[in-house]
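Just below sit the structures, each encoded as structure tokens.
Here chain A shows up in two complexes: once beside chain B, once beside chain C.
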Partner chain A sequence: MTGPLNIFDKPNSYIGRSVSRPEAQRLIEGRGQYVDDLQLPRMVHAAFARSPYAHAKIININKSEAEKLPGVVAIFDGADFVDHVSPYVGTLTHLQGLRSPPQMPLAIDTARWQGEPVVMVVAQSRAIAEDACALIDIEFEPLEAVCDAETALELDSPVIHDEYENNRAWERIVDSGNVDDAFARDDVTVVERTFNFARHTGVTLEPRASVVEFNPSENALTYHYSGQAPHMMQAILSKILNLHEENIRVIAKDVGGSFGIKIHLYGDELATAAAAKILKRPVKFVADRNESFVSDIHARDHRVKGRIAVAQSGEIAALEIDDLTGIGPYSMYPRSSGIECNQVLNLTGAPYAIENYRAKGTIVFQNKNMMCQYRAVGHPIAMAVADGLLESAAHEINMDVVEIRRKNLFRDNNYPVTTAAGMKLDDLSHQKALEKLVSFMDYDGLRKDQVGAREQGVYRGIGFVSMVEVTNPSPMFYGIGGAPISAQDGATVRLDAAGALHVSSSITEQGQGTNTIIAQIAAGVFGVDMDRVKVTTGDTATTPYGGGTWASRGAGIGGEAVLLASNALKEQVLEVAGVILQSSAENLDIEHGLVVDSENRTERISLGDLGKIVYYRGNELPSDVTPELIATRHFRVTDIPFVFTNGAMAAHVEVDIETGLVKVLDFWAVEDCGRVINPKLVDEQIRGGVVQGIGGAFYEECIYSDDGQLQNASMADYLVPMAAEMPDIHIAHIETPTKTSVLGAKGAGEAGTGGAPAALMNAVNDALRPLNTSIYQMPMTPQRILKAQGTV
Partner chain B sequence: MKAADFAYEKPVDLASALDLLNDEDRDIQLLAGGQSLMPMMNFRLAQPELLIDLNGVDELNFIEEEGEVITIGAMARYSQLQASPIISQHVPLFTLALPHIAHAAVRNRGTIGGSVALADPAAEMPALLIALGATITVISKSAEREISARDFFIGIYETALGNGELVKSVTVPKAKKDNVYGFYELTRRHGDYAMAGVAIAAGSIDPVSDLKIVLFSVSDKPRRLKDAEAVLDGKDLDNADAHASVKRALTKFEFQGDLNADAKTKQHLAGVVIKRTLEGMV
Partner chain C sequence: MGQTENITLTVNDEQVTESVPVRLNLVDFLRNNLGLTGSHVGCEHGVCGACTLEVDGVMVRGCLMLAVQADGSSITTIEGLGENQRAADLQDAFKRNNSLQCGYCTPGMMASALEYVETIRNPDRDAIREHLSGNYCRCTGYQSIVDAVLEVVEERAKR
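After this line comes the complex of A and B, so read on.
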């Protein structure tokens, strides 16, 4: 890869600097523009009557009382949308064999999870719509619910979909090397564990929200969207609502967190769009917290049986896992609910040189809310299983947990390599990251403290994880499987007549600072000050085509497009400047909004003056010069399927063995996400991710009763991690730029969430080790820790 | 999550509030701090026909010292109790417990009367009042009566309040020189409802006299552990049998589990909170 590498060393480069977010002031002043802030003329409001049962036949729906309520505009049941909405199927062809029946926005005939929308009411206000929902008389005949993934495949289990012979959705097997022989070796120690990961969900500050307008005169639909992938929404709405794609505009202004929750097609949101089209007036639907818990996608829900064989030298001889996961009644559209299990199979043990690896994944349908991709898809499971087994094995053979990693992690000087599961890895730094972590956290000091504390009856533990993260995916992630999801992104950079830069990009901002790094790259590469850059994202009508922000791809892919476009525009501007200044373009550069002499850096002409000549006084230019002060470039990853990152993390915890409560004392993360564009933003991404990892490890769980009722659908009962319980999270970086781009940036958004649970689980088990007990179930609640000890 | 339709009145004095409340035909709820009632209404678990907002009734918001007792108006907010020199001087058990009641934002709105009238078995305040031997004054349009805290709390969200009555004030005795208090709760996150909690008051600690051990968030209402109180009375708490006798008493106590801790876990944790609290009181 070649490129103008000097862009990182330019005097006015913003790349690598902790620039403050330009939009922060606006947001903290309360001037954000979220979907719920929209008030449109003739707008009406939607609410949904949802199934109170996990599985039930819908015998009859009586709307008559609700229809009489003043202010009710329309009431739709599932059948009412049949002529307006095409069914959609959440499968991907590259997940061979994955099956799922067609879905519609509202349940028809049968409801298959508690919370599934059954009837939609549209009214003059949300309160009236809710009043009307309470008046709708839906007669259900409850059916036996399939809730436990473990028994969903048993012969006497009820079958959720009549068209299938059982509840299996997908199965995949990876078999590499010779696993059986390796486990049979007489010089290996075998450790076997069963891991359980509860369901949890991404709790966004702003719930899912949509306002949909339909203009019948142009057959055009505008979808105001709180989410991450505007072009994907445009494509799927076009297909499902039978409208030309160009007649659908998807606008995502400020988004109050998404975490992968708002990147799927939800029945209630599709119904909102269909209702707007039918009623020919704007319809608003904003999910409340209660319905968010029962309808926002859930994640995890895995039971993994794993075993590892290690030689006395510490070498991993073989690794085998069996993952079972329940995904709810359907595979989510359009990304499918197969990716998380697929990731578990692909990523377990991926940091380590393992020759013999076997993994089986089984996905079953169940009568619970749908499960799909949430931040760090599959990673927390894969990392906890591999590193949980590895640390257990280290203790069995009496080897330090850092030492066993040193022996098995891929060498830093040996890339590219291919893992046992077939993942291509390049430009990683596992060994360096681990060494940096060990000195950064003062590992030896902590071990001494641990011994001293135990003498006082205090149980402290230290746990590690070495991890990889899938970032910057190529079309091999979704596009190959037939989903209308772009792996490439585009950026358009335009110079205006005042010398300011306008950038529009197809990646999106959900609060993580995307717009800031876009401005940093454009300003630095092109050569203006940050405050002269205006960034537009989140609008299919005004941005180039692209995938959006997910899978830690915004900076790496969208950022590279901005770099390429800014560079192209710079060349175009310098060409015009050369003509105006009668100089060669090679002797000119742009810096702080001025065209300068590239040798002595003195000003030749300001960009404002150049813009005025081009736009207003074109007569001053030779007639064969046709300036283009706008440039567009697109970028996709081509050389490898994914640009992996690596990290090493450690947790220090104290377990109150009498109460089962765990205090996280400190957390350290050393992350290699390639070139760091904005250290502060990257650090906060990692910290936020670690906090979500702490949530998964200790707090968050969607608790279902045996008959499929979600028991804790409120913020009082669903425990998200809170500031008071959070430790200091110390971050350090190693920068190994990816060779796939000039920018060299990999993703950083999911590392914390993916790695933290493993380190925390290992730390808790390290603390519990003197008691000869352990826990491999998340969240590690006080009661579970007490039960592990046999106290209760 | 919008509340069902309801009528709303905001009286400016107690007499008008009691007039409004004196209506047996309507389902009425009183709005104090709203920290429990508003979510319940938005979830439509509570659907009153009439909501009487007491936030304009200033005569219910006071903290008064009188002789050997402190009287607190029903509309006194937790944050006011925390800031009150009268409380910090005379009701040390409140000072110990108040920081554990939810979060600052909730304490800024939540009132003592609201907590008492709601009778949430997980709430701290009912347990504190039982431990202190408090009296709750309730009033209706026609009469005023006093009910001891021990008789006031009947079950889950169930109190001795009759039709047309509201909580007017709470009266607690001032702490005396030898009195010792303890408070401890185990929560998964700071400010959550406890997995198990205890408020303990002792007339004296060495030896133990007039001991009240009140467990909360473990059963249908805060309950005293009378068996253990009796065993410990007159003893010295360093006594090795003290904890064993508490554990024995707990086996006879009826625990009710919740999502965070089943009955067995609550029994174990109740033992832990009592042990740690008593240790802290010595």
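After this line comes the complex of A and C, so read on.
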């Protein structure tokens, strides 16, 4: 890579500074623009009648009473969309063998999960649409539901899809080195555990929401979208609704949380778009909270059997896992539901130098809501399994849990390396991160406190995780598998006549501070004050083509495109300035909105004056000088599939052995996400991520009955972390920039969620150790902790 | 839509008279009838706190109150707080501490935080956390919100 060497330390650089988010004031004053805030002329509202059964034949749908209700505009069942919507299949070719039947927006003939949309009502108001849903008489014939992933492949299990011989969706095996020989060695200690991870979901505070407009005179569709990937939505709506891509505009303004939930194609949202096209008027659909729980994608729900062999020296001789997961009745479109299991296989043990590794992943269909990618896909499972086994093994051989990591973590001076599962790692700092964590948290002091507490009958525990996070994915993540998902991002930067900078970027904002870091990079690299940078994101009509914000890729990929475009624009401006000032571009620089002499930093011409000459008084320029003052650059990661980050985290907990309640006393995270563009925003990403990890570890679970009924589909029954239970979270950084870009930034959005559950589980087990009991099931509810102790 | 009733109330210092269905929630009335979309709807059963707003000086859940129940009352929404300067220091503290990400919980969170700094005023992190536990935030992890509220409590105590 080439690039200016001084952008990080020049006087007007914003990179590395904790700048406040400019849009915060607007949101604080209640002037956000979320999808449900939109009111359009002639807009009508959608509601859905959903299947009350996990698995049922649809015998008859009687709409006649509902149709009579004043205010009802249209009622659609699954068959009504057949001529308007092309079926879609949620598979990726690089997940070889993954299968899933075609899907349609509403169930046709058979409903396959409780909550699957069956009939759509469009009415003058949401309230009328809901009244009409209650008047629709759907006759179901309940079928036996396949709910337990463990029994879904048994020969006597009902089969969910007639076209398949069983309920298997995918299977993958990784086999590296010689696992059997390593486990058979007589100098190793073998530890075997079974881990269970419950289903949970993202609970975005703003539910999924769509407003779709259709203009028949131009055959053009506008999709007001609460989500992360506008160009992906444009491409898939084009394909499924048979419209030219250029006639589809996807706009995402403020998004009230997403976390991976709003990056998939949902049947109810597709039906909303199809209805808008059929009715030729705007249609709004906003999921209510119950609909969110039964139809927003779920995640996790893995059962992993794992075993580890360690030598007396602490060296990991071998690691083997067997992962089983149920994904619901279909693989979600377009990202597929195979990725989480795939990540578990790829990432388990990835921080450690392990030669002998075997992993089997099995994915089955089941009659529950669909599972797909939610924040930190696969990471919490992979990290908890590897580090749970490792800490157990450390105790078996009487080695400290930090010491065993020192022995096995990849050395900081030895990159690039390839893990046992074939992941290429570079520019990481596991050892340094661990040492920093140990001193940051005062590990020795905590161990002393632990001994003292135990003498008082107080059970405190300390747990660790050393982790990697997949960030900045290359086309090897989705594009290679045939999904219309861009791995590259673009940025256009232009100078206006007043000397201000306009940046449009294909990455998107859901509150992380995307727009802020775009402005920081552009202002710093180009040389204007940040308040003279206007950023546009979230609109396919006005931004370059790109992937959006997911997989912790916004800063690393989109940010690099902004850097490259800003740099290109700067070269253009200096060239024009050179002509105007009869100087050479090399002798000029830009600082605080002024073209300055690069040596003595004195002002030569302001950007406003330069802009006015170029745009208004071009006659003052030689005729062969034709300035553009606009530059577009794109960036994608090449050479490696993912830019991994690393982190080391620790949890300090206190378990009340009488009630099973766990208090998280403290949490520490040392993160290496490469170059930090805005320390405050990165810290807050990690904190928020850790708290979602605490949710998964202790609270969050979609509880299903044996016949596939979601039993806690309300905010009152599904627990999420609340302010009172959360600890303060301490964060430190190591900055090892990635060599794949000039900016050197890696992703930071998912590390907390990916790592925290492992550290928390290890801490709880450390606290429980004097009782000779342990727990490997999440969430670690009071009941389960008491059960592990045998007291209930 | 069934039966309707006429209601007259004061919203952000403006008098409003409207005919509303008796089943209409207060928050839906504010959002859809008056266009005050700053109050957000997160759960519609009084748990998440996104619709928290002030009715006659008391912070309430806009989704658990009917519009007809607000007849004769005086309401301040987040839009009103944005203009009357009552929460200006709190807003600044939220910005400084990055106490919001997606912003969806923020109007309700601001209302509960304002209630704390005006009426409880205890400069104690645990007490602040306890008070804010009726407002869910999925983005921040709460720490930066606690930081902001504590800063304002301490600043106001010095005045």
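Quick notes on this one:
By definition in this document, the second predicted complex is superposed on the first by the 792 of 792 C-alpha atoms of A that agree within 3 Å, B and C clash if a C-alpha of one lies under 4 Å from a C-alpha of the other, contacts with A are read in each partner's own complex, and residues count from 1 in each chain.
Going forward, a residue touches a chain if its C-beta (ideal position, glycine included) is under 8 Å from a C-beta of that chain, and two chains touch if they have at least 3 such contacts.
Every value quoted in this text rests on a predicted model; they were computed, and no experiment measured them.
By the document's definition of touching, of the two partners only chain C reaches A:I729; chain B does not. In the overlay built on the shared chain, the residue A:G257 is in contact with chain C alone; chain B does not reach it.
Of the two partner chains placed by the overlay, neither chain B nor chain C lies in contact with A:H430. Ranked by how many residues of chain A each touches, chain B and chain C are led by C. By the document's definition of touching, of the two partners only chain C reaches A:T204; chain B does not. Contacts of A:D288 after superposition on the shared chain: both chain B and chain C are touched. With both structures placed on the common chain, the touch criterion links A:T791 to chain B but leaves chain C unconnected.
Look at A:E130: by the touch rule set out above, it reaches chain B but stays clear of chain C. Looking at the shared chain after the overlay, A:E29 reaches chain C, while chain B stays out of its contact range. Taken together, the two complexes place residues 127, 288-289, 714, 716, 721-722, 724 of chain A in contact with chain B and also with chain C. Contact residues of chain A toward chain B in the complex are 126-127, 130-131, 134, 288-290, 658-659, 661, 698-699, 703, 711-712, 714, 716-717, 719, 721-722, 724-725, 781-783, 786, 791-792. The part of chain B that touches chain A in the complex is made up of residues 1-5, 39, 43-44, 186, 188-193, 195, 259-262, 264-265, 267-269, 272. Note for the complex: chain C touches chain A at residues 1, 21, 23, 31-32, 35-45, 47-48, 50, 77-79, 81-82, 91, 94-96, 98, 100-107, 110, 125-126, 128-130, 132-133, 135-146.
By the touch rule above, chain A contacts chain C in their complex via residues 20-21, 23-25, 27-32, 34, 36-37, 39, 71, 125, 127-128, 202-207, 254-259, 288-289, 510-513, 680-681, 684, 687-692, 714-716, 720-724, 726, 728-729.
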